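Residue numbering begins at 1 within each chain, and the chains themselves are lettered A, B, C and D in the order written.
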Amino acid sequence: LRCNGNKELDKFIELSKPVTQNGTVADYIPALASAKQEHLSVSIRYLDGEEMYAGDFVEAFTLQSISKVLSLLYVLEFYGEEVVFKHVGKEPTGDPFNSIVKLEEGPDTKPLNPMINAGALAVTSLFPGNGVTERWERFQQFLTPFFEKDKIEVDTEIQKSEFDTAFLNRSMIYYLKQNEIINDDVEELMTLYTRQCSVLADCLDIAKIGSILAMNEGASFVSRRSVQIAKTFMVTCGMYNASGEFAIEVGVPAKSGVSGGILAVVPGRCGVGIFGPALDKMGNSIGGLHLIKNLSKSYNWSIF
Amino acid sequence: LRCNGNKELDKFIELSKPVTQNGTVADYIPALASAKQEHLSVSIRYLDGEEMYAGDFVEAFTLQSISKVLSLLYVLEFYGEEVVFKHVGKEPTGDPFNSIVKLEEGPDTKPLNPMINAGALAVTSLFPGNGVTERWERFQQFLTPFFEKDKIEVDTEIQKSEFDTAFLNRSMIYYLKQNEIINDDVEELMTLYTRQCSVLADCLDIAKIGSILAMNEGASFVSRRSVQIAKTFMVTCGMYNASGEFAIEVGVPAKSGVSGGILAVVPGRCGVGIFGPALDKMGNSIGGLHLIKNLSKSYNWSIF
Amino acid sequence: LRCNGNKELDKFIELSKPVTQNGTVADYIPALASAKQEHLSVSIRYLDGEEMYAGDFVEAFTLQSISKVLSLLYVLEFYGEEVVFKHVGKEPTGDPFNSIVKLEEGPDTKPLNPMINAGALAVTSLFPGNGVTERWERFQQFLTPFFEKDKIEVDTEIQKSEFDTAFLNRSMIYYLKQNEIINDDVEELMTLYTRQCSVLADCLDIAKIGSILAMNEGASFVSRRSVQIAKTFMVTCGMYNASGEFAIEVGVPAKSGVSGGILAVVPGRCGVGIFGPALDKMGNSIGGLHLIKNLSKSYNWSIF
Amino acid sequence: LRCNGNKELDKFIELSKPVTQNGTVADYIPALASAKQEHLSVSIRYLDGEEMYAGDFVEAFTLQSISKVLSLLYVLEFYGEEVVFKHVGKEPTGDPFNSIVKLEEGPDTKPLNPMINAGALAVTSLFPGNGVTERWERFQQFLTPFFEKDKIEVDTEIQKSEFDTAFLNRSMIYYLKQNEIINDDVEELMTLYTRQCSVLADCLDIAKIGSILAMNEGASFVSRRSVQIAKTFMVTCGMYNASGEFAIEVGVPAKSGVSGGILAVVPGRCGVGIFGPALDKMGNSIGGLHLIKNLSKSYNWSIF
């Protein structure tokens, strides 16, 4: 069962587009609030290289939480899992992605997993190098083969806006410093963190990244084991507090972001990139979810 | 990559047996506390019917939380998912399996998922029929093809003991009645719940059940969709608060119980039954975990 | 500064009556929901025996949580503080009166204080005697001098209704049994608990009780020390989660109930009884609060 | 009942000194850890000016949380209660003094009360003036009549140490900025906060402050109403999570600090200053608590 191409994809867009009216565009910073609620795009890239796309696929968007997958892969490749999991746990959580409660009340002093904000901050604090410039440069080099572009573009307006208003993330960083999980300069860490969140991509870029993660043997620039770990987290906690439902309804490793992006991986088959800035109450793209449910059912994608 | 038979399995038992010394047998009721810490057994049953086993495979044990998979399948088959998920959620939780906190503070008034006690109690309250006898009889009929036995055996001593001491479960039932999730007579529900927990099995029985769930097309007596849902929950929350780690280290749908059993499913390949009553701090069989990690690595079982 | 009599009190009623329109009568059981939102009454009884009253003072109401003061006094008198405080703590809580969370997550396995439901259940489980009849009879004897009536009246309709619907209280009892704080039969305890909540009184009765607690030397039937302890709890946690505000705004020991009653104690001076079934969001009589703030300011009642 | 003078006080010190062996000196910063566990001192100052003292009364110590009373009085005097209570609540909490949980899960986005760290940070953020120097200078002027010294001394070593390590306080400040309760520069606020915590005093200074708060009519430099509010908070939440027990056992408004100080107020009678750096598990001076319990019983101090 394989998608027949752009025309077939068009129909999925048509079917899901009306659903975007029931969602809300994120508005905690003005730069995100200007996204168009009705936008919806999708791209599929099969492992043999065939690529298809439909909808508003020319629209670029910032990765936001989708970057959590890439930063996790980065530190796993650099340090190996043993070091990484000293700083972040492996367990899903029933609390919101930006919750600080479990850092105080939880069974452990480290964040529960790398897909929630506290965990991603701990992961980013592991970025190797001296100073923001070097640390970013090295991360950018890691990203290059995923994006198949030399220059990773960053939306600096969004980054600045997020940097300026990220009180909750700074609160978490200090809590993690108290718990001796993070040892970084707070503002340097915030720069690295908001910059990775502000990397620009379109749905074709995301599908490309997904197709790399879908290769069961890994790639020359990222090991099978790191990808395996990342995909596992995407299943257990990639879609905020709707991860369990997504696993049941769609059944593939995926990660969403507050800008409306979804990165999905159909192991051994294809990568999927979706963009639809109208979000549901859980913070996932409402049109994107509708669309990928239909895709998964039509092409029998669930790994379960 | 397929296991060669009992002799090969023997070596896995040998390797993991010493680990049982680091665990503790559950002792909240005397009947469980009498289990032997050093016991460890495993059985694998491939989809073609080949069956192998090693260790203390003659030992029978009570299903305990492993039964949560079977009761979930039962109500899914009877009512369909829409009805079932009005009474129980689909999301993993970072709280302990017997926690009551999220019923008060959670985003919803229903239990987060059917693999924690509150969720399994909600599931059991859906058992159709009038009165304990009829409701149990009907559930037993559902179990028959899984066990390939006409008569499902129950350890009545353990059941009685659990029934008498299950204050925490009764506390949850009343909380769920308050939240209007459960509408059952408390003592009748406790009878059904403790009875399903006290169903007796050995590791070969469990492997058999696992092999049924491993059949990608389902079976005449249980649909592919119900099995798919059950396997998803086993991945996201089957191993208590070590489910995330298990997904990363082992990577197959599994469910453990406090008596030391583990039911695992290798989709398209085999079912696995393990028994080792010495538990780690998370409540999983410590020897069993060690063993299944080695099996998964040796035979490349991870679905991720 | 002393109130001049019924006419002066009338003015306070007049002033506070309009406020009752902003409150809501408790409606979790029909028998309470039939109370009239606009009712408001007050009585003051000075230590020299002078008694005054105003408003709808003929209306009787059930004690509800006001009974927590009396049951605490009872077990303190019977066992002494050492025994009692093995079963219940001494600390205020920021959680709601009917919260179960701290029983799981708190620093201790016992309820935080005797003014929240869990604590009052632990206190009631200490009632001495065999069986409901004897235990109630003995408690009634303790109450007699407070009420200056031989026969303590109970609203059996309200009691039955609360008994039938008290799922949350039963949930707490079982949690406390699990924590080994309570060792009682659940239904017997629920009978004793709902019966004390359903004792009938009017605002003159409550003022009388308050005047007894206002006697700095205690009384023949209740020791100064027990009264001291009760008054302390009334200050730190007598008015649900508005206790802190009440201490600042009014500044006297007080206890409210969901039926709209308030028992207040002005040490060395007088007791106060108030009834006004329209409640604010915290569960306190909205008109009663308004009224007692004005009384406290006019007559300079604050102990701080 | 009045203390007879230094000789009588000596006996109380003698009685409580051995208890200090069961406590632990705070060691989260080296400067505090160097305090001597066996030190214990007390001073009483009656409203007529008579002053008595015993034990290691020459020892000075930093106010730490005792300063929360003074900063609260300061902003109450400056803004009035209405403004202040927009930024901080009035309710006790069952959570630890340094807990962040209720900022996320609580009924309100503001800190529960001004005696916990989050609340004191919100209070300090209200200090009027431009820049640290002016804001501190003005607070110092407010303190002058309390200390009857022109120059308020600060232990700069302790301040620096606390400033450098206060990750948890910074975490709370950012959380409060997120909740729009605090609008201050974080480092400026931390300077003001740690400086007030590091003000030096001995037990005679503290008794003097206590005697000012004990004057029922207030003083020329602090109003009766502000003092009333402060005393109320000292009763409901001045002694960390042992405030309820303290109210029952001692029964006077009091505030303790992590350096081992206790400020107590016996309304209409005297102020009390205690210093004993060995702390109990709740963070209160273990010897100091023992001592003040005995004083309260001997001289019948309880306000209840």
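Of note:
Methods note: contacts are C-beta pairs under 8 Å (C-beta built on N, C-alpha and C of every residue); 3 or more make two chains touch, one makes a residue touch a chain.
The structure displayed is predicted, hence computed values, not measured ones.
In terms of residue-numbered contacts, A-B and C-D present the same interface, as over half of their contact pairs agree; the other options in B-C, C-D or A-D do not. Looking at which of C-D and B-C shares more C-beta pairs in contact, the answer is the pair C-D. Centroids of chain A and chain C (each the mean of its C-alpha atoms) stand 54 Å apart.
With each centre defined as the average position of its C-alpha atoms, the distance from chain B to chain C rounds to 47 Å.
Centre-to-centre separation of chain C and chain D, using mean CA positions: 32 Å.
Along chain A, residues 105 each make contact with two or more other chains.
Chain-to-chain contact here is organised cyclically: the chains close a single ring, every chain touching exactly two others.
In this structure, the chains touch in the following pairs: A-B, A-D, B-C, C-D.
If you check the complex, the residues on chain A that touch chain D are 99-101, 103-105, 167-168, 170-175, 177-178.
By the touch criterion stated above, chain D contacts chain C in their complex at residues 89-95, 102, 106-107, 112-113, 228-229, 231-233, 235-237, 241-245, 247-248, 251, 253, 267, 302-304.
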